[in-house]
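Working notes, beginning with the structure itself.
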C-alpha cells in the first residue's frame, strides 16, 4: 500500500504529530509506504513530494508547524495562484503517477471541501480536522486549540502582573473572527474579568460598567477579547484578508483601549496576540490528540473506509462523511456549559444584560 | 447561605482553581458566605478556618497546591493522628457551630468515602473529584492529570536530547502505583518508544528486545515506566508508605536500568520524576476543568442537591452518588483507545506478545 | 533601624525579588524593621504603607510585578498627578513621621533623579537600578532584561514554525525606544535573520535585499525590530505617550510589514510583543540578580553608605553616586561584542552597508 | 579554509548553538568549508563526519544536546573503548586526510586536555569551554549552566507548592559532585531555605536546627542539595561511575530524607533531578552565550590564533592557553558574593556555625 499525506490551510501546533502518527502507524503496522505531499494541494499539482519513513518523523512530535509546508491559497478546483482554472485533473493525474492507493489530508473546512470534491472524482481520501479556532463542525475539540488557549492564558498571566502593579485595565486580543472559543477558554484559564466574543455583541457602556465593578473590587481588570468581537448590528473591525495580504489585527483591541480609557479613570493597555497563538511546540494534550487522530486516519485507510473525516465526539473517535463537514462552522452556543460557568463566576461579557 | 470548603488528600495542581470558582460562584451569584476549612478534615476537628471572599482568591487560579492546606492522614471516623478514635461527632459539631449550611469537599477516593459517611450522618455535602492519577471511578478526566502529563512530556523531551546525543536508553519513572494513565498519556505526549504500566506486566527479555529494535532504527530509546510496573505475578517495587513515611520511589526505574544495561550494549540512565509531577502551576486545561467543577459543585449546593460528587462523563458534567465512588478506582482497560493507538504506532509495552 | 522601600516607574519582573531580599537581609540579619511604601513616591505623599516581615515576602520571588504597586507619574518635586506643585517637603515629613532611618528606592533613571534630589535634602537613600530595557548608565545588566529577552526569544521560536511552514517573512516588534538591547539580544537568542535597532537606522531597500538573501537560502526569514527603529534622519514611529495615554506601538512593525510585502513576493506578517515583555515570572537569572541587588542595597544601608545606587559592572557590584546616574541612558555602541557577533553570523541590520 | 568541529564529553544545552555559530561565521563571513566530526574524538578515529552548511544548522539553536553526537569515553591518546592504546596518530592522519586546516573542539576539562595534547602534536586547534557545572577554570560562566539552574528553580517552584500545602520539608538534589554552583544559584533562584554544597560540609544536627527555624517561621522548608554534599571528613555518597555505568544519584538526598525525618516532626520528601538538568532547549541566555563563544572561536581560527580556549572573564571574551585549563576546576570560594548574599538572606548551609 502507498499512501500520500498533505497539510492544507493555516499552520497549527500538532500538524507534525499527525504526520508522525500516520507514518508510524502505516509503516510499522501495515508495512505501507508513505509519501508526503509538499505545500498542501500545490504539491499535488507540481508533484513536489518527499518519502516519509519512521526516521524522517523522529523528533517532530514536539515541533510546531508542518514539515511538509502548507499554504492557504491553492485550490486545485479553482487555482487562484495561477489563472483560476480547474486543475483537479492534473492533481488526480499526480496521484495516479505516484501510485498512491489513498490520500490523508489534514486541514480545515476549506481543505475538507476540496477533499470532498476529490472524493467525488474517485480519490480514496480520509480527512483529519484541523482548526486552531476549534470551530469545525462535528468535532468537539481539535488539536492546536489547547496550544492556542495556553498562549492566551500565559499572556493573561503576564498582563495580570502589570495590571496589578499599576492598577490598570489590560486587554488581550485573541484569534476568533467568527467563533469565540479561544477567547472564552483562554479567558477562563487566564482569570479574565471580562470575556468578549463575536457570539455576544458588546455594548461599550455595559462593558465599562463591568470593568468599573472589578476595579472597585480588586483594583485592576483583565479583558480577553476575540478579534471578531463587535457591537450589536456592527461589524468586526478585523478585515477579511485578501490572498497574501496581512489581515488587520488589533482593530477591536485598540478601539476598546480608547473607548474604555475615556470612560474609566485608569490606564488601559491593549495587546494583540496574533501569530503567537499559532506557532510553537504543541501542548502535551494536543500532541496526544493529534497522535490519536493520525492513528485513527491510518486505521480508516487500512480498512478502506474513505470519503470521511475522523472526528472526536463526546470522547469517542468517529467518522463523519465529508459532505457533512464542508463549509460549515461551529460557534459558541449561548447555553454552552463554559459560558454558563463563566457567567456563574461573575465574568462579564460586555453585554447590556448579562 | 454559609458554605464550607475543604481540600483532602495529596495536593494537586488545580485545587486552588476549584476553591476560587466555588468562592466566586457562591459569593457573587448567590450572595453566600464561604469559609475555608484548613488542612482537610483536621480543620473540622480543631475548628481551624478562614473566610473566603473574592479578594482572597484573586491570583490563586495559576497557583499549584491549595491555599487551605491539606494532608493525607486525618480521618475523623478513625483519627490516626491521635488515638484512632471516632471523632466524627466533633466534626459535625464544628459544622453546626460555624453555622454551615453545606460543605464542599475536594478530594480523592479516601476523601469521598469520609464524605459519604458524613452524608449519612446528615451533613449536606457535595464532592469534587481530585486524583492526579486520573483513576477515580465515574470521572473520565480529573484536574491535575493534564499538568502531571505535561511534566512527564517535558521530562521526556529533555531526556530525548541526551539520549540522541549519546545514543543512550533513557528511562523516566512516573506516578501510577495501580493505574498507568500518567505513564500512558505522558509517554505518548513525550514520544516514548516503550511505555510500561501496571496493567500490562512486563517481561524483561521482551522489553530488551523492543528496546533493541528502536536502537537499531534510530540509535536511542526512550522508556516511560509507571512506578507500579511489575513482572507477571510479581509485585510493584514501590512500597506502600506508612503514614508520614516517604514511599520508596525509583524501585522499578533503577531495577530496569540495571537489567537493561546488562542486556543491551548501551548506557542506560533512569530518572524518577516523583514529586515534580504534583506541584507547580496547573496547565490552562486543568484550570478550566477545575473551574468548571467548582462552578458545578456550587450549583449543586445552590439547588440543594447533596450526597453526590460532580463528575465528568463523555464531555458532560453529571452527579454521581457518593456511595458509587468510595473505595474504587479505574485502571487502563486493555482495549482502551489510547492503548490501541500506542500499539498501532509500534510502541512497545515490554510484554511478551504485544 | 527602620527602613522604607518603594518601587517607582514601570513594572518589571524581579521587583518582588528585590523587595524580598531587602526584607530578609534587613530583618533576619540586622533585626531591622522594614516598611513598604505603596505606589511609588505617591505612598510617601499620602502615607500609604504596609509592614514587611519575612512571612509577607514568602512566595513572591517568582511573582512578576511589585506587591507594593508602582506608577509612572508621581514626582514629589513636581506633582503632575495634582497641580504640579513641589510636595517634596510633604514626603520628607512622612519619612520623619514614620521614623524611617533610611529609604531604598528601586527604579529607573526618573526614579534615581528624584532619589538624588531627596538625597540632597538629607534623606538617607540607596538606589537599586531597574530598567527592563537594560539602558541605565553604569550598570551592565539589569534585572527584568533577561526575562524580556526570554519573551522575545520564545515569540521568535513560535513565529519561526509558522514562517517555515508557510515560507513567510515574520516580524516581531520588541521594546526599545532609544536603545536596541532587547531586540539585539532577543534576536540573537531567537535566531532572527535581521535585527533592526534605533542605533542603526535602516534603509528599506537594503532590508528587503537582506531578507531576499535569507529567503533564497532557507525559504523564510525572521525579523526582530525594536519599536524605536527608524530610517536615517527619520523619527521613530512610536510616539511618546502623554501621561496615562497608551503609546502607539506597532508603528514600525506594521510599516515594515507593508513595505516589505510590496518588495518581496512573500507573505509578511508582523507581531507586536508590547506588554508581554514586562509581565510574568522573572527568569531564574533575573531572580538571582535582583536578589543580589537587594542584598547589596541592604548592606549599604547597614553600613550607612547613602546617596548611591548599587550597580553591576564587569561582574562586580559597586556603588555609583546618584549624581552620575540621573537622566542618562546607555545605547548599543557600534563596536559592542554582541553587534560584532551578530554581524559575524551574517545577521542583517537593514543598513545600506552592513 | 576547511575547519572541523566536534563536541566531546557529556551533552549540555547550547552545544548546537556553538555548532551553528561556528558554521554561520566561517561559511558566511570567510567562505570557509565546515565539517562536523561525529561522536567526539571517536569520529576522528573512524572518519565519521558530515558537512555543515547554513541550511544544516537552521533550527538547531533552540535544540538541546548536539547534532554531532558525543560521548564521554574516547580518548585517542588512551583508547579505552578498545585496548587502551594510543591512537592519536590515527586521529592526526584523519585530519590530514580530510584536509582540515583547523579544528574547533567544544568540551570540558577532559576534552581540553586532549586538545592540548593534539596542539602539541601540531594540530591547529581552538577550544570552546563546556561545563554544565560551571566549574571550568578561567571561565566565569559557561553555557548550559543557566539552563541547568532554570531546571532547578522550576523544580523548587513545583516542590514549594506541595511543601506549603502539606507543611512538609522538601529536598531537591542537583548536579555538582565537586562544585556547588548549580545548587547555590538554583537554590537562590528557587527560594531554597537551605543550600548544601560540597565546599561547605554539613552537620546533620545543624541542618535540622536550621530547618526547624524555617518550619517555625513559615510552616515548611525547601532544601537544595548538591549531589556531592557530605559531612566534614566524610565522602560524597554519589560514586564515581565506571565507564558506561550509571552513577548512583540520590545518595545524599535520600540519606538526608531519612535523617531529617527522624529529627523533625514533619514529612520529608526528596527528589533527585538528575538528567533533567542536562537536556532540553537552552535558555535564551545560554543561546546568546554559546553563540558568542562560537563566533569568538571562529574569529580565532580566522586569525590563526591556535592552542587556546575562548573564555569569558569579567564580561570579556579572552583567549586562555590550553595548558592553563587542562585538568583543573573551579569551586565556590567561601567569600564568593553569591554565598555572602545567601548567608545575608538567612539561608542556612547546614554548617555548624553559619
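Order as written gives the chain letters A, B, C and D; numbering starts at 1 within each chain.
The working rule: a residue touches a chain if its C-beta (ideal position, glycine included) is under 8 Å from a C-beta of that chain, and two chains touch if they have at least 3 such contacts.
Please read all numbers here as calculations on a predicted model, not as lab measurements.
**Q** Could you give the fewest steps needed to travel from chain A to chain D through chains in contact?
**A** 2
**Q** Same interface as A-B shows up in which of C-D, B-D or A-C, over half of contact pairs matched?
**A** Residue-number overlap above half with A-B among C-D, B-D or A-C: C-D.
**Q** Measuring between Cα centroids, which chain is at the maximum distance from chain C?
**A** So the farthest one, by centre of C-alpha atoms, is B.
**Q** In whole angstrom, how far does the Cα centroid of chain B sit from the Cα centroid of chain C?
**A** Distance between chain centres: 41 Å.
**Q** Counting in whole Å, what is the centre-to-centre distance of chain B and chain D, each centre being its mean C-alpha position?
**A** The computed centroid separation for chain B versus chain D comes out at 34 Å.
**Q** Based only on mean CA positions, could you tell me how far chain C sits from chain D in angstrom?
**A** So the centre of chain C lies 30 Å away from the centre of chain D.
**Q** At which residue positions does chain B touch at least two other chains?
**A** 154, 157, 160, 164
**Q** What pairs of chains are touching here?
**A** Applying the touch rule to all chain pairs gives A-B, A-C, B-D, C-D.
**Q** What part of chain B is in contact with chain A in the complex they form?
**A** For chain B paired with chain A, touching residues are 21, 24-25, 28-29, 54-55, 58-59, 61-62, 140, 146, 149-150, 152-154, 157, 160, 164, 185-186, 188-191, 217-218, 283-285, 287-288, 291-292, 295-296, 298-299, 314-317, 337-338, 340-341, 344-346.
**Q** Would you pull the chain B residues touching chain D in the complex into a rising list?
**A** The touching residues are 7, 10-11, 13, 15, 39, 63-66, 69-72, 151, 154-155, 157-162, 164-167, 170, 244-246, 250, 257, 261, 267-272, 274-276, 278-280.
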